[in-house]
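Everything below concerns the one structure shown next.
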Amino acid sequence: MGKLTIGCFSSLIGSMSLDFAVKLAGAAIEKGHKVDFWVSGNGTMLSIKAQRPFKDYSFLEKPVKELVAKGMQITACEACAEARGYHKEETMEGFKRHSMDWYLASTFDADRVLHIGGE
Amino acid sequence: MGKLTIGCFSSLIGSMSLDFAVKLAGAAIEKGHKVDFWVSGNGTMLSIKAQRPFKDYSFLEKPVKELVAKGMQITACEACAEARGYHKEETMEGFKRHSMDWYLASTFDADRVLHIGGE
Amino acid sequence: MATVKLGFIVQRPPYKSENPKLALTHAIASQSVEMYLNDGDLVTADLAFVGDGVLNCLKNQKAMDKYGLTSTESHIKSALMLDLSVMVCKEDLERFGLSEDDVVLDAEEFGADMVTKVVPYSEIAKMMEDSNHLLFF
Amino acid sequence: MATVKLGFIVQRPPYKSENPKLALTHAIASQSVEMYLNDGDLVTADLAFVGDGVLNCLKNQKAMDKYGLTSTESHIKSALMLDLSVMVCKEDLERFGLSEDDVVLDAEEFGADMVTKVVPYSEIAKMMEDSNHLLFF
Amino acid sequence: MKLAVFVSDYRLTADTLERLTSDKLGIIFVSNGVYHATIKEKGNSSALLKKNAQFYVLHDDLETRGLGGSDIAENVKLVSYGELVELIFNDYEKLAWL
Amino acid sequence: MKLAVFVSDYRLTADTLERLTSDKLGIIFVSNGVYHATIKEKGNSSALLKKNAQFYVLHDDLETRGLGGSDIAENVKLVSYGELVELIFNDYEKLAWL
């Protein structure tokens, strides 16, 4: 089994790139692969807890928590989050915060890297 | 003197559309015009207080507060903000939250409307 | 007593951008605008889909099944239920090889009388001319 | 002891999107990656600007004066100071009527030895071939 | 190299994609890239479909947009998220998202 | 009508803009739209500059990108934010941001 590192820089709501990335991560874990997930830029919006679920807006807290429970590591860029006013105490449980080197380090033993840019 | 209603749907950080819109609002107020400012979609990121200022990221809390002190009305779409986890208690002072009809109502007596879409 | 007319023009395809959905939800909000205005005053919203924006109007969108998200199709039906004028550019549909059969034309199942109008671009240009303000999405 | 090579390819122009800046800041982070790795293991980042992305490399960007924002130019200089390899596609510069004189070539004022290399696309293609993973911005 | 390119947009990727070379090239249409697999503008299929590559389209993203398997060009293969994972690990070595 | 169009991107607006008609048309280049005022691709100025319109470019957005007044095409007028406000209220009635 392999390791997939996904980086996604798009907003939680808008492009649906994070919806794609979370579904892909789920499918990879389902098949026994290891997944590291990095969000940076506007993608750090994914890390905020207590988002209100509305059917009109992407809402990924539930699948993210399920994947973390299955072993997915997920980390947000700390500076990108702070600059947007997303502080540590508002971060979803299981979501780590590190500087950008975490993402690069994750690629070291990754078999595949899928980097999804932002808007 | 006239009234300009600006709507902006772009993220605080990324496209620099909000940087543009805030500067334009400032220039209009400088010339004695009235400005209403609406943010919706990812633009609601502008309304969060306690963003950390870094030189690498757009940071508009200071100019927005100055313009509010000069009479600018600024309002965020409540549902768009809640869906992103931006709650009332995290909203910058002077920033109102309403539903989308506020924006449309503001156009009623506006001389000019500049609608800036999102990403 | 006055009416201000807004023209909403949707030029982007759905889902990759939040713009088309926000165009529809904001246009629909014209229905509750009176609470801010004096009696008899109104703000109306006309919607037009042009260019790649006509792809928003395809039938049978499965966004809810696949991603748990309200489809753009549902939002168009809501607009029709609330008696908004919805236009789709005929030339752009034809450019994509699409016909009236491919697009959301009514919301009969919800009792809406209003239907989507497939019109030549010239009619959309006239709507823009008649509007007090334009909003491009 | 192993080295993993990442190829960062920037294809978007600056400012309208955060991608070019994030490409630079993430590539620069390769300098501190060892704390996560075993002794002798490395992750390196090579940067290439192609297509509209070459517009990131123009000199005399005034983003700080005008908008209080670090310019993409400054980020490129930081990358050079940290000895990253920075390539700019020659054909794309020529397509825009730009020459080596128009682009950020060094960060001498900060004591950087590294310089921007204006190279034919084939050399960027080779970098992509030699990289273990690709990241498009 | 063996490169799989994710095309996520209908308008913006041609320039970069045109010049990408690879011993084995896969083009995977996702998000608004799926229109490349279905839409004929002025009667012509997308120019991308003429590249020397294997083509795939994500079924969920087609259906989200009101399109289906019967709408796609014949040289494009429908894939699920699970099949995408197989492609990524078994058929290609490097990935690019445009 | 008197319409001022803000062009904020270098690639994405041609389709919509081409068909906009107006008795008086102003095209204001802002954000990455400023490249239309300066860049000659393969020796050719932007096709937008051939439209029957008045052209303006926001000075701050030019300078942000390392470009200046001496780089712009001769039928384009440099404007500041203050001048933009004058244009909006005095010269045009409707605004469009593309």
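We call the chains A, B, C, D, E and F, going by the order they appear; numbering starts again at 1 in every chain.
Basically, a residue touches a chain if its C-beta (ideal position, glycine included) is under 8 Å from a C-beta of that chain, and two chains touch if they have at least 3 such contacts.
For clarity, every value in this text was computed on a predicted model and none was experimentally measured.
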item: Joint neighbours of chain F and chain B, given as chain labels; value: C, D
item: Shortest contact path, chain A to chain B, counted in steps; value: 1
item: Chain pair with more C-beta contacts, C-E versus B-C; value: B-C
item: Identity of the chain that, by mean CA position, is farthest from chain F; value: A
item: Between chain D and chain F, centroid-to-centroid distance (C-alpha), Å; value: 29
item: Chain centre separation in whole Å, for chain F relative to chain A (CA means); value: 38
item: Approximate Å spacing (C-alpha centroids) for the pair chain C, chain D; value: 43
item: Whole-Å gap between the CA centroids of chain A and chain C; value: 33
item: Contacts with two or more other chains, residues of chain B listed in rising order; value: 13-16, 41-42, 56-57, 59, 112-113, 115, 117-119
item: Residues of chain E touching at least two other chains; value: 8, 11, 31, 60-61, 94-95, 97
item: Residues of chain C touching at least two other chains; value: 15-18, 25, 52, 67, 132-134, 136
item: Complex interface listing, chain F residues touching chain B; value: 6, 8, 30-31, 60-61, 80-82, 84-86, 88-89, 93-95, 97
item: Chain D-facing residues of chain B, complex; value: 13-16, 19, 55-59
item: Residues on chain D engaged by chain E in the complex (per definition of touch); value: 9, 11, 50-52, 121, 125, 128-129, 131-134, 136
item: In the complex with chain D, residue positions of chain E that touch it; value: 1, 3, 15-16, 19-21, 94-98
item: Touch list for chain A against partner chain B, complex; value: 11-15, 41-42, 45, 48-54, 56-57, 59, 79-80, 82-85, 87, 90, 118-119
